[in-house]
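Before anything else, here is the set of structures, which you'll find just below.
The following pair of complexes shares a single chain, subunit A, combined with subunit B in the former and subunit C in the latter.
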Partner chain A sequence: MGKIMKNRTKYTFALPALLLMVIIVAFPIAYNVFMSLHVWFVASGSGPRWVGFKNYITILFDKRFWNSIRVTILFTTGALGGEILIGVLLALFFNRNFKGKSIIKTIFLFPIAATPVAVSLIWAMMYNYDLGIINVLLKAVGLPPLLWLADPKLVIPALVITDVWQWTPLILLIVLANLESLPSDPFESAKVDGASTFQTILFITLPMVKPAIIVAAMIRSIDAIKTFDLIYVMTQGGPNIASENLNLYIFNQGFSYFRMGMASALAIVLFSIVMAVNVFLAIIRNKNTT
Partner chain B sequence: MRKVMLSLLLLMALLAVPLFAGGKQEAPAAKQSTSAGFDWKTFEGTKIKIMVNKHPWVDIIQPKLSEFEALTGMKVELAIYPEDQFRTKRTVEMVSGTSDVDVFMLMPGNALAQYVQSGWLAPLNDFMKSDKYLWPDYDIKDIYPAALNAGVRNGKNYTIPILLETSLLAYNKEIFNRYGITVPKTMNELEAAAKKIYESSNGDIYGITLRGKKASATSQWVDFLHSFGGEWLDSDGKAAVDSPESIAATEFYGKLLRLYGPKSAPSNSWYESISIFMQGKAAMVYDASVFKPNYENPEKSAISGKVGYAIIPKGPAGSIPHVSNWGLTIYSGSKHKEAGWLFIQWATSKKMALQGQLAGIPSARASAWTSPEFKSKDTSPEWTNASIASYKVASPLWNPPVIPVGEVRDAMGAAIVAAILGQDTAAACKEAAKAIDRILANSQ
Partner chain C sequence: MRKSFIKTFLFYTCIIIIAIIPLIVFLWMFLTGLKTQMDNLAIPPKIIFSPTLENFKSVFAQNNFLKYLFNSFVVATFAVAISLLFGLPAAYSIARFKMQKIGLSLLIARMVPFISYLIPWFIIFRRLRLVDTYIALITTHLIITLPFIIWIMVNFFENVPISLEEAARIDGCTYLQVFIRILIPVVRNGIFTSSVLGFIFSWNQFLFSLILSGNRTMTVPVAVFKFISYEEINWGGLAAAATTITLPPLILTLFIQKHMIKGLTSGAVKG
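Up next, the complex of A and B:
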């Protein structure tokens, strides 16, 4: 009797937390799935109508959906690749002592502190074809000005550059913290064995910080896949839909077009993608740590 | 996930509200006036609720409400919200059926189709003809027909305009003089002027700048569409943006920007577009008439005092600009419709229209524009004359008269961008028409 009571008490204490999780996590997801099986055009003033999997079938044949997937993939791989490459290089550069290191390091961390909307507005101005500083600089060194945000082929690279500018410091921070905590013995024995700096970095440093890089990649990839503010402020998905990623498309379906069922179904797709990427990266990480 | 949560919250709010909807009561019979004629005091003691958004017009009306209350003996409750919240709250209140509002602001071009189809608005025609409720000095004929017609659906009037905007061709007089150009009267002259300026300046000065950013571009493109003889929809309510006239208009709009306009056009909305004009980097801009204070502000604009204004040049079908306006409407569930109508008449009277006009809010009444008081204070008569000329011939339609306005504008915006980029305009217009028909079929 006493034992059972004890067990019950245990559960009772966990109950509020559990309830909270159900309310703020499980219910919204379940309700979202439920809504995704309806057609609901809110602007007409009529209620939701059950349609089964019709929304998902529509999505399969929706060119704009596949465009948004393409944009999401290009943006995510571009941003992630750039950030990891530059971030790791910077971390290696900062992983030694030189004069003024802490000041320069602090300056490099500034971009993370800025709000994405402000960053996007500033970059949008800098990218402006007629009035922006970037084209002024390009012209000054004799290069032709570029249509950064107005050219469908250039708009994603332009967005990637902004994202890399803002989020590389995060990678730098994580990797550098890991580098600075590495044991010194392997490096000493490498030195004794006559390994060059390049060999040391390639065969000792990088494998040792790999788990940290994977964690950083995980955090950034989730964010990059569901980027919204940056694109919404800078291009609103334009020109036309050349930079409309999946999250922006969901926003448009839900809050520009008021098609809540369709938006819910797209949100489920985005949710699945983020989960899949997460699981994939978690598997890689586990392989590396065991 | 944050976005998903937000949408869920909204959905839950929308779902939950009807649970609390009380039974609607029939309107109590209005207090009978002794005489059959019009009397401001008919509804003495009645309290009405007016819902408005934070708009300069409200700043004019608000301090004068006590005059209305003294005149009628009614009480007015004014609920003011910022524009975004206003639109959301208004819709949620209507959907839920719990609203106690009597009169509210509405932009017919954006929301009239939705509000009429949902049955949220009371038709005003009976009031407009009534001996008992129509104020003899109201003078409906003084209101520009385009403004009044913007509030008409299925032959019934739903909104009374409180202000009236149009689009004007603004040009830089200094650049026009430098290259010996006269104000273009036809579309051909417009293109010739743009071409001459762009080529004579070796591309340093754009001939013209227009919006090119997807949906935002349709607001001014529509005036080219109408002036070329095209339409959003045909008489059967099917998309007509792939008619030869519509394709020609879209191609012309795209060509102006592609050949003589800013290269950044596909990413320019009104802000970027008028900025280029105000920097003196473009000789002409065709955009909303209300941007005059921006052009003429010496702190923001390098060309203040050098700007001329004209109506849109003639196309094959004539000069057909559009007007857009905010209006006042009566909620169909209101218990004080007649009292609300008295308020609307007072708020849109000649006197109040002139007050607004003097404060820089373009009036929907001809008398305000021609009043000696306004004329003596008018600093840019050229703008005034162009605006009046535009009002007289304008179409009240700028958005397609459908519920999914944003979606249809996006579909057409894609074709406009294609035209600017020099892609196959005809194919893009055909695709847009197909998309629009599909959207409309899904919006029943």
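Up next, the complex of A and C:
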């Protein structure tokens, strides 16, 4: 009797949310897979036409797809690399007691919470060739001003800098929280053994926070690979397609050219990439914890 | 003695320089909003200028901005409220009865590109003539807030000792009574944190609103984006609008600062 009650409660509590999730999340995903096997120009007025895996084959030979993959890889590795490197270094630096530490932590929450559209807009102004503060500073120290968002070679680094500005604080705060929760014994015994600060960090601290760093990398990678707002607001994928990552390309296929089948197939590819990266990171993490 | 003083001085100098970097962008945004068009176009840029609130006034006067702020507020509030209504019982039951597979599927749902949800919903809402309605926006924003709130709350419910429930059960309370009278008050911190974060996510959401909103239901990120295309040169106005829309999330952050990072990471830690 008790067990039946327990089972009933288990499902009656979870059922409404599960049903809602099936409608708003699972159903669109299934529809997305289904659409990816069709050709459908929404604008044409006729319905979707079954084409099997043809969309996926088209993608393989699509130069613009491979360009978007290149942009996605460059942007993600640049952003993630910069954020982890700077975030971990700053976390190590902040990992001590000092006055105003809680204020510092609060300040670093601001970029994380700020509206991406607003942040992107302001950075686009700061990168402006004539009036932007960044070129003004470059000129002030005697360097030539740069085209930033209009230069195909500089546009990805410029976007990466903005992303690093906004998201390094997340890595920093995750790693710092982990550092603060570490037991003090290993550090004391290292001190007794005469280890230098550098040795302690390299051989004791870093291995201990490695799982936290990987978790931070997982969270960031999910969003960085799928970056949309930042690029769409700052460059719309331009100049030409120099900063069009996969997510923007999907958006253009779907909502500029209304090729819904093609956009759906590309979305499946993007999901597979996010999934693969996270499975890979999870494997590294699990190896580390056992 | 002197050496340690210099060391402390250098340390705090470093700290201040590092702390300025996140702030300076917001400061520049705010100052640009306070400058007249003349001052904004001056080369070299003016550091000393007489601040004016004209830009902020004209943003609110000209562009239906109050309406867009209201739209964002309505969509975010409903998305969070519905997520709590459905998500809290589900989170409790996932935590208590250890339904880990559901937990994992929520994590996978997070990895799906938003555009995978957007294409089907756009087609459906277009056919139902629901584009540019609150229903379309709230439904799609739920895709973000519902799994997120469930994830955070599972963690909070897991930390509630089971003995607390059992005592109440022996006193003759039903599961529902235990849930409402005992568990909800215990996890109120979690409810507050997850609600605020959910609100911020919905407030900041751009892609769904870009496609599914129109003149009637436009949310603020879309309004600011549309503002760019025809006000490209009006820096003061743009910066004032950007300042206005990013202020609510920044203020909300202050209320949840202790739990914010834990909230943002709780989903991925176990998956």
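Keep this in mind: the second predicted complex is superposed on the first by the 266 of 290 C-alpha atoms of A that agree within 3 Å, B and C clash if a C-alpha of one lies under 4 Å from a C-alpha of the other, contacts with A are read in each partner's own complex, and residues count from 1 in each chain.
Following the convention adopted for this analysis, a contact is a pair of C-beta atoms (placed from the backbone, for glycine too) under 8 Å apart; a residue touches a chain by one contact, two chains touch by 3 or more.
Everything numeric in this text was worked out from a predicted model, so none of it was measured.
Shared-chain residue A:41: touches subunit B; no touch with subunit C.
Comparing subunit B with subunit C, the partner in contact with more residues of subunit A is C.
Of the two partner chains, subunit B is the only one that A:150 touches; subunit C does not reach it.
Of the two partner chains, subunit B is the only one that A:257 touches; subunit C does not reach it. Look at A:56: by the touch rule set out above, it reaches neither subunit B nor subunit C. By the touch criterion defined above, A:21 reaches subunit C but does not reach subunit B.
In the superposition on chain A, A:228 contacts both subunit B and subunit C. Once the two complexes are overlaid on the shared chain, A:107 sits against subunit C while remaining clear of subunit B.
By the document's definition of touching, both partners, subunit B and subunit C, reach A:247.
Once the two complexes are laid over each other on the shared chain, residue contacts for A:187 go to neither subunit B nor subunit C.
When the two complexes are superposed on chain A, the residues of subunit A that touch both subunit B and subunit C are 28, 31-32, 35, 42, 130-131, 226, 228, 247, 250-251, 254-255, 260, 263-264, 267, 271. Those residues of subunit B that touch subunit A in the complex are listed here as 1, 3-5, 7-8, 11-12, 14, 94-95, 114, 117-118, 120, 212-214, 262-268, 272, 275-276, 279, 281, 403-404, 406-407, 410, 413-414, 417-418, 421, 442-444.
The touching residues of subunit A, when paired with subunit B in their complex, are 28, 31-32, 35, 41-45, 128-131, 147, 149-150, 152, 226, 228, 235-241, 247, 250-252, 254-260, 263-264, 267, 271. For subunit A in complex with subunit C, the touching residues are 5-6, 9-11, 13-14, 16-18, 20-21, 24-25, 27-29, 31-32, 35, 42, 90, 93-94, 98, 100, 103-119, 121-123, 125-126, 130-131, 133, 136, 165, 169-170, 173-174, 177, 215-216, 218-219, 222, 226, 228-229, 232-233, 247, 250-251, 254-255, 260, 263-264, 267-268, 270-271, 274-275, 278, 282.
Within the complex, the subunit C residues that touch subunit A are 11-12, 14-15, 18-19, 21-23, 25-26, 28-29, 32, 40-41, 43-45, 86-87, 89-90, 92-94, 96-97, 99, 102, 106, 108-123, 139-140, 142-143, 146-147, 150, 175, 179, 200, 203-204, 206-207, 211, 220-222, 224-225, 228, 235, 238-239, 242-243, 245-246, 249-250, 252-254, 257, 260-262, 264-265, 268-269, 271.
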